[in-house]
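Both complexes below contain chain A, partnered by chain B and then by chain C.
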Partner chain A sequence: MSELKPIKGKIFTLPFFILLILSAIALVFIIKRFMYGLGAVSNLSDGYPWGMWIVYDVVTGTAIACGGYAMAILVYVFNKGQYHPLVRSALLASMFGYTLASVSIFFDVGRYWQMYNIFLPWYSNTNSVMFEVAACIATYILIMWLEFSPAFFEKPGSEKTLKKINSVMFIFIALGVLLPTMHQSSLGSLMIIAGDKLSGLWQTGFLPLLFLISAIMMGFGMVIFESLFSSVTLKRPLETPLLAKLSGVIPKLLIAFLIIRFGDLIFKGKLGLLFNFNLQSLMFIIENLLFIYPLIILSSQEKRNQSKCLFLSAASLVLAGSVYRFDTFLIGFSPGVNWHYFPSFAEIMITIGIISVEIMAYLIFIKTLPVLPDVKHA
Partner chain B sequence: MPKVFNTLSNQGQGEKSPEIKGIARRDFLKFCTITAASLGLPLNMGQAIADTITSKKRPPVIWVHFQECTGCTESLLRGTHPTIEHLILDLISLDYSETLMAAAGHQAEAALHKSIKENEGKFILVVEGSIPTKDNGVYCKIGGKTALSILEDIAPKAAAIVAIGSCASWGGLQSSKPNPTGAKGVPEIITDRPVITLPGCPASPYNLLSTVLYYLTLKKLPQLDDKGRPKFAYGTLIHDNCERRPHFDAGRFALKYGDEGHRQGWCLFQLGCKGPETHANCPVQLFGDVGSNAWPVGTGHPCFGCTEKGIGFEKPLHQTVDSVTPPLTYPKVGGTQQGKGMNAGGAAIAGVVAGAALTAGIKVTKALKEEETNS
Partner chain C sequence: MKVDRRDFLKVLSAGAVTAAVPDNVFARAKKNVSPEAVGILYDATLCIGCKTCEIACQNYNKLTSQPSDSSNTDFDPYTFALNKIEIYRNGDGTNKESKNGYNFFKKACMHCVDPNCVSACPASALTKDTETGIVSWDSDACIGCRYCQVACPFLIPKFEYGAAFPEIIKCEMCQHVQVKGKIPGCCDFCPTGAAVFGKFSDILKEAKNRLALPEESNYKYPVGDLSGKRSKDNPVKKYINYVYGEKEGGGTQYLILSAVPFENLGLPKLPDYSNASKTEGIQHTLYKGMIAPIVLFAGLAFTTYKTAKADNQSDKGE
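And then the complex of A and B:
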């Protein structure tokens, strides 16, 4: 195992303060939400009960946070030990992504004080997809913190605790691979229920599979994106060779994804909806161009080794997966005539605040705990 | 073929276990369970009903016809679960029925008297048709005796009395003004003991069957309302179980036969439907075992209230009821904007975020490019 070390640097930098201010703004709106209710801050309605918070924070946020999951599959299931240095930082990002996704559910659920009932087995509705998602994500968050826990003990004086934790770690790792497989696909199943309310361009029985594949792709994309982004902003040497190798997986997944997607559309004769030239068909085209761009770039061995191309295609892939989720949950979804939804200022600010907290926590952790590989500064 | 179940034909051999004759055990238990369900009984009552039916002695039933059209019997003949032959040969012992018995004249009368004598206090009396009371009941005679005297003679000897159809229940069609024969229903004549009434024109055969089996299984009468109607069948308004009810609530009415609304299957209230005043299980039980919509409203005709005294044969067919009025306002479906769309604040902040992300992306791309050219 390569050496992981806390990186040097002050915690309170200028960007950190900006993030702090953004979180403070969000906090004000969150307090308002709990005092005056959902209607006071959000544009959520009976037609669109799921808005920005669910679609970004939960559905997209957890998919973006699939880096830990994707890396775990690669390292532990396919036994590619060479990628191990990337695992912990990916796990850390996933951990915060998921934890904050679950926190944001508390803002979104009208009667949040009833939420604990989900975890009382005698109230559990085991036939519900929503229950599966809730229970699975909650368990996964716990598992991720346990998976990450060695980082807290990798210091002189706690070798014994570390040894104990590591001896049972395989269980958590196994669960850490299983649980996202379950709930990432279930997030897709959620929209099957919407039936004809969801445009034919997105509605399919393959939604769970497409959500799962795209979540794994987004996970890999995010690992690459994060690594390159933090290398530049934190002034660390690039990990391009390792990332280039890792990115070789993505085109294979992309081809599978696109074949299932378009195969299904052609088989059902829904591809014609593409030529409606309304918002939905436009978004569908944008979304797929964003999927196809990394496919073209990353299929070339030469381009894969250029950090710029790698960065752009990773960003494009993450964006594509995110747009896919927004399309499936909001843009492709029509609850009936004349329903409208666009997130309110406060709604967006709360989401931005959550992202800010996520980044701040990430920065604090990598600066105080052994997360990133140790490097000799050039 | 599955193992076939002996009905009760060889009861004499003291066998309780089911064997051959015409009906699969599965179907039989299914029938018992369905009966239990339609009675609103727990499902394990299905077994109790099965035990009752398979017991050695089939309950004797005496079915008398007075002033009527035999429509109730006709509808019973068309039952398919069970079929009429299964009912009268296997489930009950129909000792006397003018429509179904082969005997005629004195032979038939003899059968009636024999059965009454043998089964005194044990048989179930089913009365179909009203009883004329004017002029000592001379308007309906069988074997030289008036309907009134026949009823007064048999009724006290029966274990239970069932008045089937609207005529037997309160007089029905014949009792409509001016009621030339002074027609009355059984409960108006037999006042000293409970009479189960199963009004309807015709009555649903399954309500009769369920009532009979309830009585035989539990040895008591089902819960009755103040008009003697079993609550399991007549407990709710037709209006409350009607498949067209959503159209009523949304204000969509057929105004003429064959108009757009009528063809669309809208509510028949404005055509004079008596569903809002009539208690019966027609929309649930249906008729003729032919599947959904097989009941008057389902076929596009307003309910005429046949199970309700004072409504069926009394109120004009197309006069709207006044006990309920359709809502004056309806929930909006579409029309105006619902929910909040794009707003300045939201759009601005979304733009800022997109811009910031784009700038950061370009910056990082540049940095990566520089790094590459440097190395």
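And then the complex of A and C:
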């Protein structure tokens, strides 16, 4: 196992300052939201009660943050120890993705001051899919911080604490696989109750399964993407051979996903909706092309070993899963002819601010804690 | 590690088998109307669009006119009251109840028998009374997640987007006056008897009676409630032979009669089950007694324990 080390470099670089400014702008809008209500900053309405924040920050953001989950499945469940060097950085990205999703929920929820009600037994509604999602995500965030905690203690003088944590680590890891399996699928189940308000191109009882598979794929896609990206930007050696091997899992998942998706559409006779030539059918086509591209590229052993192909297919896969989520929650959702939604400037800026905070936190952590494989050993 | 043909076929057949399972096999059983349930019968043929019900509703519920930012003025209830008279026009819109006509529809909560909103609400803020069947909202419980708005097939719950401390607003069938023996404001003040209040079984019987009346005959339409204390004579219009709400979305306690197709009143075509029965069915199948998650957890804990141990040993060996 190669050693993990903090990487060298200043924290306050120019990009860091730009991120700081973006988060400051978001903060101003967030203050406005708390003073004057959701309508003051967003284009949300009674017809479109969920917009950019829920769909990007929570539904898509947590799926993008499934790297930690996907790697844990591979390393601990399928016992592929060779991927170990990628685990901690994937976990870190997941931790921030999820933590910030929960921050976004806090300002999206209208009556945030009594948000804890969900967890009070006399108020919890166990029939509610939303309850299941909330409970699982909250627990998972806690578990991820525990899973990551050894990074804080891997220094002289903390050996005892470290040993204690490591001896129960398997429980956290197991929960770290169980919980995302539950809530990533339930994020899909959320929309089943919307019935015909969601277009037949997306509405199906298989939403939980499709959301689960696509979340795992996005997780792998993200691990590849992040690894290549940080190699280039942080001037570290490429981990192409390892990533090439890793990417071999993706085509299998993609095939399963596409068969369930199209099998269900054909079975229910909904494929005809594709020929409506509206925004929905266009987005459906774009979404599926983005899924098919990595399938073609990654099925070829030769292409898998080229970092450029790897990078493009990983990006396409993550994008595909994201578009799938936007389609299921927004584009495919129409409450009636009189309703329209497009995110407002403030909504977009708040989301950008959240992403900026996420990247800043990631940079601080990899520069101060042992997260990435040490260059000499990698 | 190429996807070889065998692997491919395996995944293919597994996927095909899954996809061929109809997706509502897991739906849980339907719910029944409680024998004590109350309801409202709205007969669109009698509605003259006077909006007295809106004023009555506003008074009964002490509402101040407070349009939400998001209001869709023509079709959005609750900018003013908890029910809204919507106007639908077809063709040149000259005569009521004709092809080239106009129609009114009194939109309000349908008090579904198996309500999606109640199933969706994570904090049990929306509940259905086990006796009366009235669906009401609890401000102490609600977290404002607006999942009820996503879930309701009739777009009923409204949220105050313009308020720093917003609430969900919906019709609760004036239960606060019902406990004092009075009837809901909209029914009490409707001058023609287009909206009448009664026990659910009685309003359903009344609805079916009306469908059997000969066209153009004179009928003593009850006003307010079905007690017969108040009534108003009117000629019977040619009804569509259907009670909307008897089956829609698993049934509703607000029943509707009309002389024009229900789509023309902006009412959605719904299956005869509630989507809540589908979602809850899937959730219950997966999470019944938490057995599946616990078994999965045990398996995972065992595997990770083994892997982690093997890892530690190889670490020491290095």
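Heads up, the rule we're going with is that the second predicted complex is superposed on the first by the 376 of 378 C-alpha atoms of A that agree within 3 Å, B and C clash if a C-alpha of one lies under 4 Å from a C-alpha of the other, contacts with A are read in each partner's own complex, and residues count from 1 in each chain.
FYI, a residue touches a chain if its C-beta (ideal position, glycine included) is under 8 Å from a C-beta of that chain, and two chains touch if they have at least 3 such contacts.
Keep in mind it's a predicted model, so treat the numbers as computed, not measured.
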**Asked** In the superposed model on chain A, is it clash or fit for chain B and chain C?
**Response** clash
**Message:** I'd like to know which partner A:79 touches here: chain B for first, chain C for second, both or neither.
**Reply:** second
**Asked** Which partner does A:170 reach: the first (chain B), the second (chain C), both, or neither?
**Response** second
**Message:** Between chain B and chain C, whom does A:158 touch in the aligned arrangement: first, second, both, or neither?
**Reply:** neither
**Asked** Of the partners chain B and chain C, which touch A:345 in the superposed model: first, second, both, neither?
**Response** first
**Request:** Would you check which partner chain A:336 touches, where first means chain B only, second means chain C only, and both and neither mean what they say?
**Result:** both
**Prompt:** Can A:47 be said to touch chain B (first), chain C (second), both, or neither?
**Reply:** both
**Request:** Would you check which partner chain A:196 touches, where first means chain B only, second means chain C only, and both and neither mean what they say?
**Result:** second
**Complete:** The answer to whether chain B or chain C touches more of chain A is C
**Asked** Superposition on A: which chain C stretch among 3-11, 21-29, 147-155 or 255-263 collides with chain B?
**Response** 255-263
**Request:** Under the contact definition given at the top, report the residues of chain A touching chain B in one complex and chain C in the other.
**Result:** 45-47, 336, 338-339
**Request:** In the complex, go through chain A and note every residue touching chain C.
**Result:** 1, 34-40, 42, 44-47, 49-50, 75-77, 79, 81, 84, 108-112, 114-115, 117-118, 122-125, 127-132, 134, 166, 169-171, 173-175, 177-178, 181-182, 186, 189-197, 204-206, 208-209, 245, 248, 251-252, 255-256, 258-260, 262-264, 267, 299, 301, 335-336, 338-339
**Asked** Which residues of chain C touch chain A in the complex?
**Response** 1-3, 7-8, 11-12, 14-16, 18-20, 22-24, 26, 68-72, 74-76, 116, 119-125, 140-147, 149-151, 153, 155, 157-167, 266, 268-271, 275-276, 278-280, 282-283, 286-287, 293, 296-297, 300-301, 303-308, 310-312, 314-315, 318
**Fill in**
Within the complex, chain B is touched by chain A residues 43, 45-48, 228-229, 232-233, 238, 306-308, 311-312, 315, 336-345, 347-349, 352
**Complete:** chain B contacts chain A in the complex at 333-343, 345-350, 353, 361, 363-365, 367-369, 371-372
